[in-house]
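Input: structures, listed below.
Common to both upcoming complexes is chain A, partnered first by chain B, then by chain C.
What follows is the complex of A and B.
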């Protein structure tokens, strides 16, 4: 590409676009108060149906993040019926969160029973058998934190499941599942990589640093 | 226990004490606590003639080991009393007392005790102890599951098996099997087989494979040694040419010469009656070959065309030619669907049966009147490309390999399993090359005479164990392929023997063609003369002439 990338400085940016991007991000992540105050500050139109659901989604997300999967499932069923039936992977992941809770609290018998009742029915399909094996392996160790599957007990895993649930609920309500912000960052990163490859440069700076920190040359 | 294998002279050997330290031949040490009963005492002190006791004329068999494997064989055959009697009479115990205890505990399911005993055997390798413990506890686990004692099984897994910290993959499988006791998963059959506890005898066998052989003598060791000896005898037998030879243990196996075809069954001068005369070639015919289905013939005129004939009607079906060029050799594809031929511009052409040219390889590929063969899987084409080199061309990979010789190559022939190539050289040697992975010279065969003409050799016999060749001294030479030894030089012809062909289906029959204008069929002395066609897939060449 022979075009000078700094040509982007010539492009005009629409304020409304920016507001929408920010709004979509806030709504996706259920920052209710921030949404309200943002609307007040910018005079944007308030998307009506979002707000109610946002509160419910927020609670569901929190429960999932804490590991209280049963509550999360209950509320999800209320908010979006049949969602979990249609998303078997998600359903399994949520149930597995509960299983992990039981294992962590060393309630082995309960964990075993729960697994036998709720998780093994998924085992009829091959792809779940391996996942099931992963979780069952946790039971084999007296200190699951030291087992090979310790990552299943981590916050990252719970975050991953909670986010998948959030996206599924949004999709169920025909809302976009990815925020514009996420997409923008993803696309920009790809473009940067391409450009840097062309000029045989290695990307040293993180996205943040590249765009949010003022470069020395621009200070003067 | 009598397992004293000591490399040091008698004076240094440990005396009897209540806790004897025994050095085993594999370098590990076994600590033994001797229990009071007479059966468990160490062996009576061996003759102090210095050194260990040996049996056999070569002095390589240790007596104690010998007796132990015999005892093991007796027990395996079911002769329990004989086995016990042998142990008593010889004073050499098959297994030390602690091993006997261990084995009993395993068979009776005293798992915890057996694991404890395992630690007392005195093995030095930690991994073996852990692996053996794992196997035993696994059995305990599965037997609990079988008895529906799920929580007990889980407890065993958590508190006894996992802490061993080995074989985590297996631990995963075990955890899964807790929740799938009734085979409720559809797709997983190979693993299903292990989800039920196996028999304790099988467990013992697995343990015995794990433990060093001096501690627990392996199953069927004596049988294995005998089979090994028989195998070696068979390989060394130079005249071995029949499948139904029974090998007896009472005498070393050695076939008599009578398995090699050495008796002229039939001498045909004009014997084979003329069926057809195939005319059409304008030049001398240099080669002829049967199609794989034996219904057609392919012939090549010297630097002329290639013709395809129907063998039963004698009709010429196709002519293959290239404008301005002449063919020098020809052959069939293994499936009979196409033919290939060498061309005098040093290329090789491939043709459909109907005459359409399929492919053509150019370059230093063939000389005039040269051998051209294809492997039975159709993948490699082999031809002489220079005076001293043979080209192996992989059709698919388009890779060329070369066999290089110091002498001029006159002819070659390919073994039926595509693994070997026999190369005839100007200096009267026949070289055997392995062509499977790396090209390697394996053997040389000498003795026959070749000075003026092209002589052809071939593989033959059961599993192509022999190499046969014609010779200008009118004898048919036969060597054992493996050892390179000349076995037979058959007289009978009165002129140079140009070509031999061993019957591909009957290992006891050989055909030879000679300048004395006869063809001889050779067989075994005691067989009635059977006229069997030997063409099959072979290529037969006649020296010059039509």
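What follows is the complex of A and C.
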């Protein structure tokens, strides 16, 4: 059952909606100059006030990404008090970033002390125990990047933590934590899956689907 | 034929006529888009108001066994029942509306009478009105005397508590999960899967079967005992959770944003964006290297940007003059007569709306004037229309790219195509479900 092509052609997309989608992406990811430029070029209204915090969020994100977790934590406390207290998982992840930094710089004694002071208190709760074990295990290896837990040292892991932190800060300020763009792509995927399952037929192949597939394959 | 036209034809051989064709198609496309945007587009229109049940249907009820009150909102079983085929059944006056997430109604048991053989449920149009809902195929009913759920067979399934005098019982349909659900005194009792066979129009149905049973029905005119809004919110949240679990290919949003900026010629914004992206995560570089410019949408970026700015600022003379310098094949000066003639013949085929022909003619004529704003079609250059004109010009320039593979690439960026596809798929999915469920509303996502 192909999507009726006439129906597809007839669907008008509102320019304002599209601009807002683009804007939500730019704001979420702290592209301040780009936001300003986009507003100037399209004449759209400036979004609400959380532009001010964008610079701060950006710096926090960068520090976390680099692995400079302590700086990230310090700035987060300034920007959003109590945020880390309320997000223990996130707090643990950030502290673990610092731990990993120390391990990578081969400062093992310091790492151990840091872990004992800051990480083990989390171990009172069962869910952190396993995580704790994984991190502590890094200490046992001369070359932690060759250990089975090497993913904890990776850029992807830091990215994941930085992203979570970004979302938490947005949530703290009562802003959307996911961009409209992400939601739309997810929703399209779900609906397509449903249609495929229910009817076992390939839906109208548009550039967009191919684009998504292409992107996926090129990055593997 | 005008002499300047002939020249173009000769110098470009067949290409000129192809471009003419493309330019006209593009013009038509954007005009149609404008028409769609100005009238309510199918996606953003409010759903046609479906009629919801308001009262009981006294015409097809099993009269003789029961009595319906004059307000058509309560029933009473007056005689003594003798067997299984003298049930007093009554349906609502309209079937349950389908273009929404949930439908729900309630009954209040005023009097359980001799045996409390009351039922609430849903039946289809041709239901045998002397049988309890659930005792026949294509019906379902939650019975008060035994607390069982009947779904078309003589034997019911264990479902929930019994109910009697003073209880408020509700029955509903969840179109998203394709389930029936029932409540008692404001609390959810349970859900059951709605069989595929029960896809036709379903009528809210109530039944009484022993002497002096009396039931009142509420189709929403009064407040429900059950918190329907809360339930709806929870169900929506469940759907949302499913969506949120989907993992996204890395940097896909980045790609869509970038391609949007490129497509519409926002060069300055793009430069800003690229500069900022350099200092973020490395994978962003990979995206740039591989590129996705099948159709080379970076084509003529600077020119498209300049033109867009000029048009937005209302500097039409400057825009047209630059356009003439860079893309003479697009601007057909002096071809006004031909343009208008084309408008009358060709476009009349496409547009059924009377009065729209004039707009179309005007648009086509616009590009043919030396001084458009002074022309009678100058109104098109008002601020509100400028974006439309800018988009048209943008698309026309993209179409001159020799690498252009298909027209669709010129018309909309990947992002817009994603949105259209999403809307179309949601509508398609609903259609596959027998038109049940909500339409896709972009507002909700944004």
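To be clear about the criterion, the second predicted complex is superposed on the first by the 192 of 220 C-alpha atoms of A that agree within 3 Å, B and C clash if a C-alpha of one lies under 4 Å from a C-alpha of the other, contacts with A are read in each partner's own complex, and residues count from 1 in each chain.
Here is the rule we go by: contacts are C-beta pairs under 8 Å (C-beta built on N, C-alpha and C of every residue); 3 or more make two chains touch, one makes a residue touch a chain.
Predicted, not measured: the structure shown is a model, and the values here were computed from it.
Q: Once the shared chain is lined up, is A:183 touching chain B (first), chain C (second), both, or neither of them?
A: second
Q: Contact-wise, after the overlay, does A:133 reach chain B, chain C, both or neither (first, second, both, neither)?
A: Once the two structures are laid over each other on A, A:133 reaches chain B alone.
Q: Check whether A:41 is in contact with chain B, with chain C, with both or with neither, and answer first, second, both or neither.
A: Once the two structures are laid over each other on A, A:41 reaches chain C alone.
Q: Is A:108 touching the first partner chain B, the second partner chain C, both, or neither of them?
A: In the superposed model, A:108 contacts chain B only, not chain C.
Q: By residue count, is chain A touched more by chain B or by chain C?
A: Of the two chains, more chain A residues are contacted by C.
Q: According to the stated criteria, A:18 is in contact with first (chain B), second (chain C), both, or neither; which is it?
A: second
Q: With both complexes overlaid on chain A, does A:124 touch chain B (first), chain C (second), both or neither?
A: First partner only, chain B.
Q: Pick one for A:26: touches chain B only (first), chain C only (second), both, or neither.
A: Second partner only.
Q: What part of chain B is in contact with chain A in the complex they form?
A: 150-151, 154, 157-159, 161-163, 168, 171-176, 178-180, 184-188
Q: Provide the residue numbers of chain A that touch chain B in the complex, in ascending order.
A: Against chain B, the touching part of chain A is residues 108-109, 112, 115-116, 119-120, 123-124, 126, 129, 132-134, 136-142, 147-148.
Q: Along chain A, where are the residues that touch chain C in the complex?
A: Residues of chain A touching chain C: 1, 3-4, 7-8, 10-15, 17-18, 20-22, 24-26, 29, 31, 33-34, 36-38, 40-43, 62, 65, 155, 159, 178-192, 194-195, 198-199, 203-204, 206-209, 211-212, 214-216, 218-219.
Q: Can you list the chain C residues touching chain A in their complex?
A: Touch list, chain C to chain A: 33, 36-37, 41-44, 242-244, 246, 248-253, 255-257, 260-261, 266, 268-269, 272-273, 275-276, 279-283, 286-287, 290, 292, 308-309, 312, 387, 408-409, 412, 414-429, 432, 442, 445-446.
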